[in-house]
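Look for chain A in each of the two complexes below; its partner is chain B in the first and chain C in the second.
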Partner chain A sequence: MAFALPVVVFIISLNIGSYPISPRMLFKVILSVFSPSSQPGLPAALKDIVFQIRLPRLLLAVAVGATLSVSGASLQALFKNPLVNEYILGISSGSAFGAAVSLVFLGKGFPPQIVAFVFGIAAVLAVLIIARTSGSHIVALLLTGIIVSAFFSALLALVEFFASPYALQALFYWLMGNMSLATWRDLALSTPLMAVGVILLIMLRWRMNVLSMSDQEAKAMGISVRREKILIIVACTLATAAATAVTGIIGWIGLVVPHLVRMVVGVDNRRVIPLSASLGASFLLAADALARSLASFEIPLGIFTSLIGIPFFLFLLKKSRRVWL
Partner chain B sequence: MIWKIPTTTRAHSIGRVFLLALLAIFSSVLLKAARGGIPEEKASFKVRDDLGREVSIPQRVARVISLQPEASRILVALGCADNLVGFDYFLNKYDPLFPRLCPRSQNLPVVAYPDASVNLEHVIRLNPDLIIASPYDTHVPDSLQQKTGIPVVAVSSLGRVEKLLEEIRLIGRVMGRSERAAELIAFFQETTARVSRAAGAVAPEHRPRVYLCFWSSLVRTPVIYEPVTIAGGRNVAQDLAGNHSVSDRTVVSVEQVVRWDPDIILVHGNYSPSQRAVTVDDVLGDKRLRSIKAVRDKRVFYTFGFWSWWDPAEVLIETLYLAKVFHPALFQNLDLVKEGNAIYKKVYGIEHGYSILCQSIQCDEWLKD
Partner chain C sequence: MSVSVRGLSYARGNFRLRIDSLEFESGRLTSIVGPNGAGKTTLLMCLGGLLAVPRNRIFIQGRDIASLKDAERARLVSSVPQEHNPIFNYSVLDFVVMGRAAHLSLFSLPSAEDVRLAEESLAFVGLQSFASRPYFELSSGERRLILIARALAQRADVLLLDEPTSFLDPKHEIEILELTRKLAVERGQTILLTLHNLDMAIKYSDSLVFMKNGGVFASGRPRDILSDALLESVYDVRMKIVDCEGQKLILR
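== the complex of A and B ==
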């Protein structure tokens, strides 16, 4: 059921868009891929709408939604903190700074996706290096993540100050998060890394249960605590940086979705992690469908997920009496 | 117990006097700052700006700060370059022509920055009679007027030629250059009427449907862009509501662009070629757009577009250019270089203005095969 949900939402989302395509016509278009001769005379525009515009966008929504949710759930388990999200280690600030450098200074030769990815990784590397000497590793990681985020945010503000108004507009649009320009190329660039990260995190899900105990207990159960933590952080970083590089900053998914899942199935990460992937994909598909169908203009996705996520999170805080992790 | 009455020493007296004087000075500074507003004796006439604010403007303005590049260009066109005592960062940094239009601009103080912040102390030190701001930075005009006590009026064309002419008229009036303003407006109207008359021969249903991708994006488009209409085209986005209270721009989806199926796509070309995030080749090579008539027919061109609102000379040239793009047969004898240079000469009094612009953004190559 849980894995059928993203499939159902995907099919519904495929039917939604500015170009009116009936479900029957949509079916014919999809069929034409497998049997072109069976559907002669289909307008080229319909095929391009479905295969060049909607499909890559929806597949990217699935990948990014799953990635951000799984990363958020994993980091919440790792840090034993329900308020942690996928950007806690500075990825969003680092990526934003990278995108700004690309759009303002570097030009087309250095696409913002690549530079954002590089700086997202650089931010997390900085956190790991700075925090590694501390005895209390988890707390040090959290605090260093906050500091590194603040540092890159300050650098971002500096770049914005020197940007032309037109580069600034392109940057703000990127920062608000959107998938309106998603292409197969974006998918090809980002999906392998997202897939590697998510699959690795799903495979590590039972170890997250062990890591939720104290370090001594985890070691007693045969887990190399430091290595597992680094592995989880690396997987989250690669996946989240790849997602952020192509869609910009889409917030609240990694915070809200895992808690939604825990409300239903409890705190066992063996179920929380894969179900977060499923629900995260569905959530972002639904948000994207609403963002492009509610008005004549496209509502930036990051704004949309915030408008949905924040009230829901307040509701969770007020109503839930469960143990968070 | 008898309390000893405290005595005042000479040092105490001097100290108290000093403190009282300091307090008096501080209070008067606070009172003066809090007063704000415009001294009633200077108020002359009231205007309502683009933000709906009623502003009292002095009878005669000798010193003006312009935070709005379009207004700065208009001031120069009206022959009021010497009245400009300060401006924003944009023109010297990003407009290749402005330093030639206004050579003294190289030494003019910059008082406003990319984040819309304004150096208030510098503004006060420059002692302007009027500040012209952009309506796009909605929080700036009121805040600036309250803190400095200087009238701030927020105006721009917002993509409408009539509003541009109103702006020229208003600035001409406050600067005492109404005659020159009337001359410029007449020139504008005569040139645009010439284009409209010729393009009017084309029936409305045969006018090309045009999509504009502006502001470094395939999906950001102006809802109102009158040069398109004057030149005999139809902006496909014009029925959409603007998503900003003082801007007529919106963000659409790629799917919507395919749905519109425009005859012509215009790409924002006012950047130097190396800075264009979206190019004609990008649009022509984009698989998502290949079913669009404009792409199939290879009718994708650059156009000037906004460059921090409009340059009055450039928007006239753009109208002529678009007429050639939309109706090549009707305007085949139109010599853009000759007309463009003549427009710059008329508006700004400089020779070869359009040729200089072409060196920067290569607009002379936009219509070449």
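== the complex of A and C ==
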């Protein structure tokens, strides 16, 4: 049942936007694809809104929502810390910097996912290596993550400084976390990468239970800890870099969604990982629908998710008496 | 021999573990005893494959553990850690079933058979009714038993336990030692544990290994090797062994 949620939210979101389309009209538009002659008099613009604007955008929301939530849940298990996510490990800012470099210096024609992935990996490696030399304590990891993120944010600011005014505007808009510019081309490039990462992580879900024990315990139980950790980090980075390359930084989902899931179903990753995918997709779809319909202008999604995500999270933290960590 | 160690040398910082030769038979319970810092835990970690040791030093059932993959090694030897710091609150059954990891490939989930083996291990430690209890709610004695159950689910012949009775009350201490005894006698497993309580070590062990300064000081059956002089030279404290109602007790 939980997996029907994104489908329902998806269908509702298709109706919502600066140009609301009633379910009846929507049905007609979809029908017109299969038999164009059956729906005479249907405005051509309507078809464009549904198929060229709304559909790619919603599909992207599904993929990005699932990606960020599943990566967050996986990294939390891997680092044995419920506070970790893509952003804290530097993956998001590394990828964002990579994508910005690609957009500004290699042009819009070159897929930004590649450079985003390279710098996403570079950032997380930097975090892990620096944190290890300072004792591999979790505080060291979080601090290093914050420092590396700040470093890449500074580099990003440098890229903005050198960008032409026109590129700067696009860059700025994209960086705030935005899906309004989603096209089928973005989708075709990024979705397969996100899908590979998410599917890999879902397949590794039980392994993550064992990896959430101490490294020594996991090794004693026969896990090749180093190898499997690298595999999971690469999968998370691949998916997150692909997401960041098209939507910019959308924060908090990787932290909020897995926690919500754990509050309801417990900590077993066999359930947490797939349900995070489903809830994450629904969450981002709903957030995007609200972001484009609440005000007369469109609120950038990254800002919007933080604005709802943080208070919502604090509310739950305070309200929930159950121990779920 | 179930476990043999030959010419093992392992250094970490200023500490050096050096063992010329040591063998453990299956169906036997051996206690490794000695003062703090003697290298008991390091030896156990080397045997469990948790520290990188050179090749041809440690053999478990004739196989060199340095040349085995993690999963292969974990099917031969399981380790019970002294303590588990829980971060995520798994249910007891979810926790115990993790012991099956060595038998499962990277992408697979535990099957009904794996769950059955986990339940059987839980029953062996007497906590079958705890399956759905959250780990956080367990007492430290119960947690130790669950850790043992997880290692049992691994189905390895050699079981290593690092101070399994530290900080436990006498009831739980006896319960855990009886349990390890049963594993050796009934299942024919090779049981190695580190202990500080000498009275208990003497009572429950088939053989004792006394360690000091990273090496083996003496080893053998308790009645063959025990003497006041040995204890004094190992621990640098005057001790006296007395017989009391058929049991050996140590006065210090």
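Just so it is clear, the second predicted complex is superposed on the first by the 258 of 325 C-alpha atoms of A that agree within 3 Å, B and C clash if a C-alpha of one lies under 4 Å from a C-alpha of the other, contacts with A are read in each partner's own complex, and residues count from 1 in each chain.
The working rule: a residue touches a chain if its C-beta (ideal position, glycine included) is under 8 Å from a C-beta of that chain, and two chains touch if they have at least 3 such contacts.
Because the structure is a prediction, the values reported are computed rather than measured.
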| item | value |
| --- | --- |
| Which of chain B and chain C A:15 touches, first, second, both or neither | neither |
| Which of chain B and chain C A:165 touches, first, second, both or neither | first |
| Contacts of A:221 with chain B and chain C, given as first, second, both or neither | second |
| First, second, both or neither for A:212, with chain B first and chain C second | second |
| Doubly contacted residues of chain A, that is, touched by chain B and again by chain C | none |
| In the complex, chain A residues that touch chain C | 77, 80-82, 203-207, 209-210, 212-214, 216-225, 228, 266-268, 270, 323-325 |
| Of all residues in chain A, those that touch chain B in their complex | 17-20, 43-45, 47-49, 52-54, 103, 107-108, 160-170, 173, 180-181, 183, 292, 296-298 |
| In the complex with chain A, residue positions of chain B that touch it | 90, 93-94, 113-115, 215-220, 240-241, 243, 250-256, 258-259, 261, 271, 274-277, 287-292, 308 |
| Chain C residues touching chain A - in the complex, by the definition given at the top | 48-50, 69-75, 78-79, 81, 84-85, 87-91, 94, 98-99, 101-104, 106-110, 134, 136, 150, 154 |
